[in-house]
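To keep things simple, chains are lettered A, B, C and D as they appear, and every chain counts its residues starting from 1.
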Amino acid sequence: MTGAAAWIGSNGVALVLAIPFASAVLLLFLRGYRLSARLNALSSLLTLLASLSLLAARPAASDYLLVDDLNIVFIILNAFVGFTTSLFSASYIAHELEIGRLTGGHLRFYHAMYQILLFGMNLALLANNIGLMWVAIELATLTTVLMVGIYRTHEALEAAWKYFILGSVGIALALFGTILVYMAARPVVGEGPNGMVWTVLVEHAASLDPGLLNLAFVFLLLGYGTKVGLAPLHAWLPDAHSEGPTPISAVLSGLLLNVALHAVLRFKLLLAANPEAIAPGPLMAAMGLVSLIFAGFMLYPRRDIKRMFAYSSIEHMGIIAFAFGMGGALANFAGLLHMTMHSLTKSAIFFAVGHISQAKGTQRIDDIKGLTVSHPLLGWSLVVGVVAIAGMPPFGVFMSEFLLVSSTFARAPLLALLLVLGLLVAFGTLMVRLHALAFGEPVGRNERVKASYVPMIAHFALVLTAGIYLPAPLVAWFQHVAEMLH
Amino acid sequence: MIDGLSIQISQMLLVLALAPLLVGIVRAIKARLLRRRGPSVLQPFRDIARLARKEAVVAESASWLFRVVPYLVFAATWVAAALVPTFATGLLFSWSADLIAIIALLGSARFFLALAGMDVGTSFGGIGSSREVMIASLAEPALIMIVFTLALVAGSTQLSTVAEIFLSGVGLRVSLGMALVALIIVAIAENGRIPVDNPATHLELTMVHEAMVLEYSGRHLALIELASALKLLLYASLIACVFTPWGLAPAGAPFHVHLIGAAVYAGKLAAAGLLLAVFETMIAKMRVFRVPDFLGAALMLGSLGALLLFVSRGL
Amino acid sequence: MERLAFDVAHLLAGSIVLLSLMLLYQDRLYTLINVFAMQAVVLALSVSWQAWVQDAPHLYLTAAIALAVKAIVIPVALHRMIRILGIHREIETALNTGPTMLAGLGLVALSMAVILRVTSDADILAREDLAFALSVVLLGLLTMVTRRNAVSQVVGFMSLENGLILAATGAKGMPFVVEISVAFSVLVAFIVIGIFLFRIRERFDTVDLEALDEVRESRR
Amino acid sequence: MTVAPLLAGAAALLALSIAAIPLARRPAGNKILYGLALALSMLLLGGAINHLVSGADPAWIRLPLGLPWIGSRFRLDALSAFFLAVTNLGGSAASLYAMGRGAQEPEPQRVLPFYPAFLAAMNLVVLADDAFTFLLAWEFMSLTSWALVMAHHRERGNAHAGYVYIVMATFGTLALLLAFGLLAGPGGGYDFAAMRTHEVTPAIAGLVLALVLLGAGSKAGIVPLHVWLPLAHPAAPSHVSALMSGVMTKAAIYGFVRIVFDLLGEPSWWSGLIVLFLGGITAVLGVLYALMQHDLKRLLAYHTVENIGIIYIGLGLALAFRANGMGAAAALAMTAALFHVLNHMLFKSLLFFGAGAVLGATGERDMEKLGGLARNMPYTSFVFLVGCVAISALPPLNGFVSEWLTFQAILLSPDLPQWALKIMAPAMGGLLALSAALAAACFVKAYGVTFLGRPRSEAAREARETDAFSLAAMSALAILCLMAGILPGFVIDTLGPTTLSLIDERMPVQASVRWLSIVPIAESRSSYNGLLVFAFVAASATFAALVIHRFASTRLRRAPAWDCGFPDPSPATQYSASSFAQPIRRVFGTSIFRAREEVNMPPPGDGRPARLTVTVRDLAWELIYVPIVRGAAWISERLNHLQFLTIRQYLSLVFAVLVFLLLVLASWQ
């Protein structure tokens, strides 16, 4: 028993990668919906456990894989949301089967892709080699492209295609950036694979060629920024969210954006460690602010509920990017907290929205009214979710926004005013829609759905707790990461 | 203590006795000015007595409030009138309400009267009440501004103190003059005299006070008439005690001084009545929507006077 | 020797840039594809040259892939597709040739400026190479955004990627070059198949307005 | 008295709201939950009063919640104790009232879970001692009250009301957040203790004041930030309306006082000027708009705006005096303001309860359809009358006392050195008097049209007296109004420690003054004795009654109304609310209300009735909010085109950004 524990402890990293991959292969050949859904959930759970084991025993960094304070936050979050989403997807996909939007063939593909996606993201997070990271992110992107297009409708295909093309260009730019980093490193680190190992790079960061690093960062920011969904590189995001199956929207918003962000952060660290290089902060802050305000205004004219929340994801990614761009202990802490809270809340919202759109048979906001009357539980969860994501207490987002806004105002009042403007606009627009969706007389068809509330409630419980009480170890850990990020 | 109490009580009775008399005097003089013989100056007493003896007719749609109001109005007005120094400043309870409180007390009386006007649910009552409160809402700020002026000169809103200080002489001041004019205007408006209102009739569409009490009869009407008489007296003695404080018996003065004070006070009242009558006969009633301008003038004067003082005090 | 190595690399890279510029003003699809194929050939040459200079044998593999996939397979596929989709005389440029050329030259100048200004001490060969690579990348993007037609956009993307390969091979001893070129071939294959399967032509770039409005409604 | 028990009470309230989720639908749930809420509020009230009278030192506690490195701190000092008392007094009254009226809720499950949480939030606001906890409680207060406003979401316009409310509330919270950001500094010293010590430059102080006026002001309803208030307060269930108007606005006042008087340090005189001016404007505009309403609850809501203005006048004076080191005067003004806080809570809750009772009895909020309720609802009409007299600032009730104190404070303003203040103070005094008089007019209208006259609708004719709980709550408040009116000395003395803690100065002790009258500075200067005035009026009224009934007739005859000989049977001929307000509309009319009267008179011979339509609009909407909303919509319409670009155009965007960044890079160094 203890032996097993020890073994797991020692091979945590391998497990985090192996479990999804193996189950993906398995799922590809597995028939029967119920079984594969269960296997999907099970393997996600195992991945979660494995990732938790990383807390206990942290393996030393190899040339290819690395576990440090920064990415462990992401990995555990990733595994957790991946697990809850797999639970949600079980009930969601069941309904899709009943109404015949999906067929068995699609399903095998779907579940396999889901695991591949988890694998790709975990790999991207664990990668200690910027080339490997690039490959992993491309893999994740391609899988999501395939899943977005899974419904084969006109819109779905167009969304997938848009995502694909913009994504590929992003990938290309990111690769160019990666090459540039290598070239910057080569004179110092010497030729060969070492020039791509992140830990090595960070060691020698100070002596790398600043000019090349700057150039590299521009390309990396644009390349991975496309994945993060920062305006004006966001175009793929709303469509991909609104046309794909909802579990995928949840994973996209909750996880993939974070993974891309993690990549950007890694390179930010690299630049920050180099005194002559340009400060990456202002770039990120500017893009973040633009995304925030832009998305805030774009929320208003939306007619499609999933698309609206996709824009809200852009908004929050903007906030997070802004926070990390501002830097400093408080802002970084706020950024990390906000990222975590956003992943949990937004995915929970998508869980709710998924069931709602199934119950109403539409995603058009105008055709959804009075949910708190027709579907009390779903309706109120939507209310809670929107209230939480809009940054109202007692939910976690409030704390991060509190820290961000107040600390920024003391440092850069004008930026803070812009930030507040963006927050207000986004809040106002979200609330307009919420009033229409949740209150008033219900319209349209009101089917009961067999919804799985557990993931939703679990997420909300976490977000609520975090809003009131953050456990000391978590805080210390976040603070350490914040220190790390300067 | 004891003499203070006696002065207080005697004043309460005095105002009660003098109020109808003042009304009678005004009516008589007006009649003379219009070359009518007119009723005797005691007519108001007779009217009130007769009204009190008659049975009261109450409209079916009237509520409990309708029958309580007359007593409240009378009481409030009487108390207010009893706290304004008439012939002596040494009133026992003068400190229980300063000028602002007295004004507010009259405000309460008006509040209830206006409610009574609404109570029966007739259009006349409504007209009366709504116009009454409109006039009051302009008169009260003016009054407060006047109070500011006086209070700044005297450094107090306590009427007895004000009177004593003015008696000791504060010199001639522009702002006081303004305050006086403003106070007179307000007094005219508040007592529903020409040109704001015509107490003699209630068949004009522009009437205010009379329309409000239209439904009252018998003892209720008697009380209300008495109350309005008291109100007139109150304003007269207010103006008298503030702007012509001569002859006021100071606190603790010997008995004969109080007698002199009383005599002087009677004289002042007569003069006030005469002036009022002359004024009323000389000018014509104005349209109700000209009243705001009329009162606006008072407000202007009052605030001007106050401002002058506020600013000059600091120099 | 070093001198010669530098000159040849320089020559090849420069000619790739030249071909990218040529791509810009092609208004016939067939010729476009042919020019691209030519670029791929030159790329293969330069990659193998690099392989020889750096004596890194695995780069020959990259060169082979470039030659096989980009110079032969894809051009042929595209030719067939054009014939099948019947779009051979479509010339939809968003910008006239003149401005496009100017923009292209501007981009080349820009990339030169950037590279030469920022990189002071990177060794000369890599530096020049990098400048060329960057301009190829930018030109490729320019091609993508100035063409309305799906096929020519794919071509643009692929020439962009050529730039990447150029840069990658230029960076001495860079790992993963082969893997990357493979990955990209896969990507491109995906795109081509995508176009072919879903008749992407009209979806790739919707210009007809009713479609847009109908989309608008469903898409808010 | 330590803080812990109070926090426990608040926590119990929160627990109660969770328990309410399952209990709400039970028939008994209503009484149980509100009963428990009542008990808890009473306990908290007891704690607060105990702290006030015992004059204990401030107690504080730190819980390991909230911001990790600061924890969430709670502190009970004189100020918070006073507001805690106000809050829970209102809370208990509302709970008692709701034990009866709450049963009539159509959907209790939309009210019960949020009600105790709302109470808890308000308690936490006044107890919080660090910025995060404060704002958390503050925004949670907004959130819960928003949920309560949305309880009647089916009624027309309520969704709009809730929306405007929540957006304004968040706007306010963000403003406060910025203010705290300034006070805390970049180091993030978010606990109030640190802020007290943290010195700020005058410029920063001014900025903070402005932000606090925006933040706390939008919650309290300062013009022009008041627009949400007359929408949201009436929309909620009546006991919640009472809480929002009577108590929540006081939490906003508390926020202002706490930050400006306690955290911000020494004020500068112009801050007093600004606050004074805003207060005056708010008071007059509030009451003027109130006069134009004929929805009973909305009228009351607008009166809240007025009273907030009065309170701010007092606060402004206090600031001005304090800035010039006139401690005694500052204490007087502050006492006046805080006294009015208490008074407004009392009579505004009472009036909203009354309105709720009317609503329950007739199903009508529109006064034009009411009338004559005094006969069917005698008790309600009596207590409502008490409330009307109190809010109209008429002696001998409490409303008058606080306004009288404010006047006394204004009379001290000539000693101020600054000219602007010299001129502003009396001007605001005039506005104060004006608003008082207009308030009286407005409540003659409200009471006269609602309770007096003849019923204007079947519902009004059939109205029945409301239930015992509601009556108990209303009577309790009415008695308190009277008590505070005739025994103001005790209230003033209780406020002593609070003013002492804020401006190291307090009004002279009143309890020792003979006959329990109140003397702000010196008896020769001014004094007032509500007890005696009340006694005199009562005595002479009875005296008159006795005399008349003894010596004159007691006969009484009921007869049709005389009405100058033209009695009209139809109640429609009565003066209606709008006709009552017409003269005042004519006077202040067109400029302030944008009032438009249009008469369409059918041609002679045409049978159709002529009709007069009057439209009155709130200036603030016209001038501020509509343009903002239009602007936002315009921008988002323009930006929205970006949603419909083609892939090529999106690529061009990316391309453009790339080129731009490269250019930046090229021109670097």
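Keep this in mind: a residue touches a chain if its C-beta (ideal position, glycine included) is under 8 Å from a C-beta of that chain, and two chains touch if they have at least 3 such contacts.
Only a predicted model underlies this, so the values are computations on that prediction, with no experimental measurement involved.
Enquirer: Can you give the shortest number of steps from chain A to chain B, where adjacent chains in the path must touch?
Expert: 2
Enquirer: Select the chain at the greatest separation from chain B, using centres from the mean of Cα atoms.
Expert: Most remote chain from chain B, centroid-wise, comes out as C.
Enquirer: Tell me which has more C-beta contacts between its two chains, C-D or A-D.
Expert: If we tally the contacting C-beta pairs, A-D comes out ahead.
Enquirer: Please tell me the distance, in whole Å, between the geometric centres of chain C and chain D computed from their C-alpha atoms.
Expert: The answer is 69 Å.
Enquirer: Can you check how far apart chain B and chain C are, centre to centre, with Cα atoms defining each centre and the answer in Å?
Expert: 99
Enquirer: Starting from the mean Cα coordinates of chain A and chain D, work out the distance between those two points in Å.
Expert: 44
Enquirer: What is the distance in Å between the mean C-alpha positions of chain B and chain D?
Expert: Each chain reduced to its C-alpha mean, chain B and chain D end up 35 Å apart.
Enquirer: Enumerate the residues of chain A that touch no fewer than two other chains.
Expert: Touching at least two other chains: 161, 165, 169, 214-215, 301.
Enquirer: In chain D, which residues are in touch with two or more of the other chains?
Expert: Where chain D meets two or more other chains at a single residue, that happens at 640, 643, 647, 651, 654, 658, 662, 665, 668.
Enquirer: Can you give me every chain pair that touches, using the contact definition above?
Expert: A-C, A-D, B-D, C-D
Enquirer: Show me the residue ranges of chain A that touch chain D in the complex, using the header's touch definition.
Expert: Going through chain A, the ones touching chain D are 161-162, 165-166, 169-170, 173, 214-215, 218-219, 221-222, 226, 232-233, 235-236, 238, 278, 283, 294, 297-301, 330, 372, 387, 390, 392-394, 398-399, 402-403, 405-411, 416-417, 420, 423-425, 427-429, 431-432, 435-436, 439-441, 467-470, 472, 475.
Enquirer: Taking the touch rule as given, give the residues of chain A at its contact with chain C in the complex, in rising order.
Expert: 131, 135, 138, 142, 154-155, 157-158, 161, 164-165, 168-169, 171-172, 175-176, 179-180, 182-184, 186-187, 191-193, 195-196, 209-212, 214-215, 239, 301-304, 307
Enquirer: Chain A touches which residues of chain D in the complex?
Expert: Listed in rising order, the residues are 64-69, 131-132, 135-137, 139-140, 142-143, 150, 153-154, 159, 162-163, 166-167, 170-171, 174, 177-178, 180-182, 184-186, 188, 190, 632-633, 635-637, 639-640, 642-643, 645, 647, 650-651, 653-654, 657-658, 661-662, 665, 668.
Enquirer: Spell out the residues on chain B that touch chain D in their complex, using ranges where they run on.
Expert: Listed in rising order, the residues are 52-61, 63-65, 71-72, 74-76, 78-79, 82, 93, 95-98, 100-101, 104-105, 107-108, 110-111, 114-115, 117-127, 129-131, 133-134, 136-141, 143-145, 148, 151-152, 155-158, 161, 202-203, 214-215, 217-219, 222-223, 288-289, 292, 299, 303, 306-307, 309-311, 313-314.
Enquirer: Give the list of chain D residues in touch with chain C in this complex.
Expert: Where chain D meets chain C, its residues are 640, 643-644, 646-648, 651-652, 654-655, 658-659, 662-663, 665-666, 668-669.
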